[in-house]
Amino acid sequence: MRRGTWLLLFAIGCAGSQSVLDPAGPPNRSLNHLFWAMLIVASVIWIAVVVAAFWAALSRRRITREDLEPIITVPNEEHRRHTGIVTGLVGATIVILLLFLVYDFTVGRALAERPSRTLTIEIIGHQWWWEVHYVDPDPSKIVVDANELHIPAGEPVQVKLSSRDVIHSFWVPNLIGKRDLIPGYTSSLFLNADRAGVYRAQCAEFCGTEHAKMALPVVVHSRNDFAAWLSEARAPAAVPNDSSARDGRQVFLAGPCSSCHAITGEPAYGTVGPNLTHLASRKTLGAGTLPNTRGNLGGWVVDPQSIKPGVRMPSNQLAAKDLRNLLDYLQTLK
Amino acid sequence: MTDPIRRLPPNESAVAAPGVLPGARPTTLSDEVVLADAAALELTWADKPGLWGWLTAVDHKTIAKRYIFTAFLMFIAGGIEAALMRMQLSRPENTLIGPDRYNQLFTVHGTTMMFLFAVPIMTAMGLYFVPLMVGARSIAFPRLNAFGYYTYLMGVLFMYVSLFINMGPDAGWTSYPPLSGPQFSPGHRIDVWAQVVTFTEIAALAAAVNIIVTTFKMRAPGMSLNRIPLFVWAQVTVAFMIIFAMPAVATASTLQLASDRAVGTHWFNPSEGGDALLWQHIFWFFGHPEVYIIFLPALGFITSIVETFSRRRVFGYTAIVLANITTGFFAFGLWVHHMFATPIPELGQSLFTAASMVIAVPTGVQIFCWLVTMFSGRPRLTTAMLFILGFFFTFVNGGLTGVMLASVAFDKQVHDTFFVVAHFHYVLLGGGVMPLFAAFYFWFPKVTGRMLSETLGRWHAWLFIVGINVAFFPMHFLGLNGMPRRVYTYLAETGWGPLNELATIGAVIAVLGVAVFIVNAAISWRGGLFAGANPWDSYGLEWATPSPAPSYNFVNTPVVLGRHPLWDTGSPLPVVTGLRTDRREVLVTTTFDAQPDSRHKHPTGSIWPLVLALVMAELWIGSIFTPWAVLGGLGLTLLGMLGWGLQSVREQDVERVDTGAEIVEAA
Amino acid sequence: MSSRSNGWRATCSALIGILLLSACERENRRFQENPPTATPTSTALIVSDLQPGPGMVIPKVEAPYDDNAWAVSEGKSLFNSMNCSGCHFQGGGGIGPPLMDEEWIYGYEPQQIFASIADGRPNGMPAWKYSLSTQQIWELVSYVRSLSGLNPKGARSGRDDHMMRKTPEASTPNAVPKMSSTPPEDSA
Amino acid sequence: MPRRERTRCVSDRRRLFVVAVGGSLFLAGCKGDKEKDDPRVALAARVGPATTSGDTTTKFADDGQWVRPAKDFQGTRFSGLTEINNTNVQKLHVFGTFSLGTTRGVEAAPIVAGTTMYIVTPFPNFVYALDLTKEGMPTKWSYKPRPVNAAQGVACCDVVNRGLVVDAGKVIFNTLDGRTIALDAATGKELWETQLANINLGESVTMAPLVVKGKVFVGVSGGEFGVRGWLKAVDENSGKLAWTAYHTGPDKDVLIGPNFKPFYKMDQGKDLGVSSWPADQWKIGGAGVWGWITYDPELDLIYYGTANPGPWNPEMRPGDNKWSSTVFARHPDNGEAVWAYQLSPHDEHDYDGVNENILVDMDWKGTRRQLILRPERNGYFYVFDRKTGEVLSAEPFGFVNTTTGVDLKTGRLQYAPEKATRIGQVVRYSCPAAPGMKDWQPSAYSPRTGLVYIPHQNLCMDEEGLEANYIAGTPYVGTNVKMYAGPGGNRGFFDAWDPVGQHKVWSIKEDLPVWSGALVTAGDVAFYGTMDGWFKAVDARTGNPLWQFKTGSGIISQPMTYSYGGKQYIAVLSGVGGWSGAIVAGGLDARDSSAALGFVNAMKDLPQKSTKGGMLYVFAL
């Protein structure tokens, strides 16, 4: 419980990489102003109503015989006074609501602004992972990645959302509110971050068995870092030098892996699962389910079903040596 | 309750009210006549004894009791599911319940609470008390009423049998396609959901029709529209809402989703020109009013309780009636605020933001009226009132977060997170369940003839109110910290563990509270203090007859001279006589002024409602497995309806009232 | 009241229970399990109706997922993502033979279909043994069987969220399977 | 006979064009008074001059023989033989038959060189040599190449073979599993064999090779299997690979060098075969060659078109996807590309560009030009300047709504955005359907009439994009397609097109798609076959039906004509199948409308109209 209390305080402070109240960009910052304004007003109203109710109920607990007589007729002036009070309160409610409304529209308009020229990223939802395309007018420069989103700070980024199966919802709490990925619709929102860091996005619309394990680390780079990252991301995978990794590459290409996964630069073009060209440089495995370590990767390859039950990746029975080599290879995919 | 019960002298002004029945001759009834009538009426109106009588029962109180009992069982079932989910979420990466089971649990929890508990129990309260409150012998369509209950019962059984054989629905109580569609939900789990929804819709519609007709055509003489108790007004508003809302979800679930799944239509298949968003529009066109269908009856409870225990007639009767109706009306104009994260044009979203904020006004009006009533009255803090305070504490919080959620920008942040989970549990538990518990404490004596223990009641109230707030308050922070709803687990690194642990502790406290209530009810059912006709010295007609109310409700139909009959006139009330005692007869009055209009012969017990419910259950459940069951089921249903209809035709009889009814003063 | 209610409630539950007993298997979702050990034996390779000697009985292997809606639907998704549909389309065939009709070249018994998928067949059917897990192949077996109605109806798939190409498997009439005389165009 | 026709000419206006059949004597007399009334006569009159302007086609023709499927290097399928003509074709009768021993679709042409007829069957690609000198055309020798059975699994659209070629005493043909084999024409002995394609990459070979200047040109099929398309040249004598031109990837693989001068800007630039694809996608980008190659000896260039890009689903391959659906002009010696023109950049609907390029010299708007006539799958009849690759004209020869036309300034095909194929959305009524306005079935050109005879289909489709998954050796398509008859309700046409006037001269409606090639002779008779087995002869000038014969199975092959011993023969292979006939050849189930890439839906009635077969029919007067 002490830990709980401590964290409750922490929660009210609400710092974190997946927190609405720790804005990392202008849109969420203006939303936070709206939130705090509404919260304060709402809190005042709540306290006032609760205090009034308790006071009314508790102030006259001593009951005399007379008190039990029901009051059927109320003197006119008292009635008028009551009417005045209620009318006043209702009026105040309306005024407060109007103010909320105007404030909300103002913030909403600001959030809805469409910057003219921006980087466009397509995010495609799958059960239960994210496919990310960094769009470029030159098709050969399009980068296909998965389960991690990289964006530059200080520049609005357009995110186009679509889904291949069921409804998902894209949500980076630190940056902006969510947007659904609905089959048959393409929608878009603008991400605008001004603070580099890693934020956590998570699917926010129930999408089936593993809805809980469909997260997306969002890496906000400084502008230069982003350019560097992007050019790195465009580089195809190289054939490794070391022999065990080369054997692992063979395991990958000859075994079941390449039926579902793609590695740019290698004859593996599967689209069923995430693109693995830069697997080793990712922070997590299984769409934000596990930290990307060698041990976890091994566990994931062999028995994903016990880590993320229901995931579309089957369990793989590999000889110990093959698994070792495969992991050696996968770890070269920076 | 140990307070002395005193008869109050009739209030002068109330007696001075103009006679409602011009031309009627006041007479006096002797005790002997009343007793003889009562005996005759008991013979006429009581359900038959034995198993057959039990199956053919149509007494609205019997049916409503079954309704309430079943629905409360569902509350317990839903609560157990909630407790299991809280156990699973109490710490990160818990493996107590796997995703497949968890998804079934939260779906069944939501569906149970919304469709099998909240709506049925709220309408059941109306089915029990509306006839009593309007001074009617019975409900308008008793057989339809029984049919509604059995249909609902079939839904309950179907849902829970399914859950136990691993066929529990698992796409959320909102069952959004395409997830709930044939491709992504193989098997029959979602079909169960779609048909359970159908069962409850039919039941709710049957109840709504009954409440409307009972209220508008069977009120006691003198109970003109402006004298209808606010409880009844709330029920009537809700009944109308049910009539408009339920067909929407019936269309979506039974017609569209089920046929997409069973016969391959393409309503929600975007490839073939269907639209996944169509579901959300139709569902929320029902789903949002649904919340008010649960909430408005609770407001009716609150008014009765606040009035009674504040010892003051409610302030702003007209305002509250109008607020009720306005709420019911606006409730249909808000549905898009459940869909702010979908690609809907911003202008449209703004309109729904505005509407969502506007609806806070009528609710505010009611809250302010009660506050003024309490302030200017002399409140007694009974258990019921304690729950009303719990309502103020909890519901107002939820209402205010609701206003915040109307903001598109803010809603997009917390939509589908634990913030929203906290919000609607605050609204539904605070605005629905707490008033319901208050109502249980308030009307239990009327239903059973015995008082619930106030001591246990206070334990119950405090445990429940504290438990609920401990369970759900932290969820606001969880939501703001990024925790989406409907997740079966979460990673330790998210930092959501401690608050979840706290929420689980809160859930345990609330469960204890409910356990205390169950114990209280079990003890008091047979062993509570005798209540007498009017233990709280309340004002409504339901208190003008013995507790529990006899099968015929009133020996003679009371005459109403004001909004608070027992306070206005005192007991015993003036009555009308002239209804036959040797056969079931009800008095039909005019819609506006409640002038006696005609006597209707009233239906007796019948097995057909049960039969029809069974064959229709066969139709719906069978249709999951083969579309041919629809044909067979339709045939059987037609036969069932024929049987029912023939029985009704045989018994059909209406007589106009000319001078049969008389206003008399009780001896 | 409740004692009486228990009576007929129990009867009612029992009835529905019996009706739905099969649901237990149909609705199971076994994500994590050891691949069914029933890998087919050499009997799977028998594709002839003619057996020497009297009274020879070919042992049958039950398909582990024939009755399991989830597994059949996983099989369907594999059928499409592993490009089975590229040759067999939605069962009507094209490059490969149709799978929704009553004719079977290499046998319709679960273990025969398993062998066809795992080991491939000479006229263009690839061997999937090394690309799919045993569990996945069994899921495919049951989906393939569902195409012509060889598994229980309740476990078959409804329409998918794509172009309406044919009646969904759940509504496809059951075909009576038979062996076709020869594989078409076997090489000279 | 002439008299009777004159009577009909006068009596029945609707059959007026019969008059034109009657030969020049009567034609002149009839034309004078009827010209104003019937536009079709007027058309015939207008094309008249073209017939007198001689062209190069006859230079290489030895009309007694038919040594390659298209008869000559220019791909005219025109024979100068006149014994069978529009006045006596009614008297044709079966001279001989021969069973091929196969039951899959037969798309090949019988080949006659010297006194022998050579036939290559569909998989398993038997080769037969029939002795024309003996009665009953007995088999001289036969050859069984024994292709790998598994190759059937990578043949998208039935296991067809489009023919063999005879050159310098060799019979050269391709097998489905990707081997090119040379046999001694006299003995059937194998001279050499070269493996060119790899079925494990989805590669197969169905086309007929072309031999030019000692090189055998072979292209790959497999646009539905994610191959990387190529054309290979093999030395005719040794079977050694001379050069390979890929159709995707960097310029050096495509054999694009300094002499590459495409006419339009859209086709100019460095390494477009890489930069017009998403990363790596060009490696599995399709663009095979399985249609027709023609050769212009004057310019010393070969012309051919490349197939569709892979996968079909265009959303998976943003960019122009060079060099899919492209016409290439290359030097045969080293494969160097001279010009290229992309017919359907970023192909949306499987509009392969493999159709024939018929090389003719004719007057074009007053000047004599070296042209390519090309009825294209995307529905347009292209006229190119074959020296430069300039598009002179591109007019639709049927109902097209997937595109709105070809911009002659930029050379770019203009797509209709509402018909674009999208993932997760069924786009309805896209015309022409995936097989195009005209698929592989080659047309014929008669220098006498100046008309191109186009056998083609009239199909529309519903199409939906899917996310295709690439697994080497398995299909890589990514669409759901459902085809059905186009406007008018008939599924096929046999049309005569005037390339100069850019319009249709006459048109014959056929219920089923016309999936056979065309043949036209100097006797002014055009031949084609139908999928229900009718072999038909029509008047080349008017389209008037003259004669028909019902063969045992549907005809989807290429008719040819030859003479032996001073007598003219017409030969055709009958055996239904191919993509359009897969429902019969493969015994497919029509309840699945997506079967055979959606073609089955349009051919549900075919099993009632035709059965499997494989038979040679030779006709003579």
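We call the chains A, B, C and D, going by the order they appear; numbering starts again at 1 in every chain.
In the analysis below, contacts are C-beta pairs under 8 Å (C-beta built on N, C-alpha and C of every residue); 3 or more make two chains touch, one makes a residue touch a chain.
Owing to the predicted nature of the structure, the values given are computational and were not obtained by experimental measurement.
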Set A-B beside B-C; more C-beta pairs touch across A-B
Between subunit A and subunit B, centroid-to-centroid distance (C-alpha), Å
37
For subunit B versus subunit C, what separation do you get between their C-alpha means, in angstrom?
47
In angstrom, rounded to a whole number, how far apart do the mean CA points of subunit A and subunit D lie?
55
Can you check how far apart subunit B and subunit D are, centre to centre, with Cα atoms defining each centre and the answer in Å?
74
Could you pull out the residues of subunit B that touch at least 2 other chains?
100, 178, 183-184, 270-272
Multi-partner residues of subunit A (each touching 2 or more other chains)
165, 183-184, 209, 259-260, 272, 309-310
At least two other chains touched by the same residue of subunit C: list those residues.
29, 31, 81-82, 131, 161-163, 167
Chain contact topology (line, ring, star, complete or other):
complete
Along subunit D, where are the residues that touch subunit A in the complex?
226, 274-281, 283-284, 316-319, 423-425, 467-472
Subunit C touches which residues of subunit D in the complex?
101-104, 123-124, 126, 144, 146-147, 149-156, 159, 224, 424, 426, 462, 464, 466, 469, 471, 473-477, 480, 482, 582, 586-597, 600
Help me check something: in the complex, which residues belonging to subunit C touch subunit D?
80-83, 86-87, 89-98, 100-101, 103, 120, 122-126, 131, 161-163, 165-167, 172, 184-188
Can you tell me which positions in subunit C touch subunit A when the two form their complex?
29, 31-32, 35, 77, 81-82, 130-133, 135-136, 161
Which positions of subunit B touch subunit D when the two form their complex?
270-273
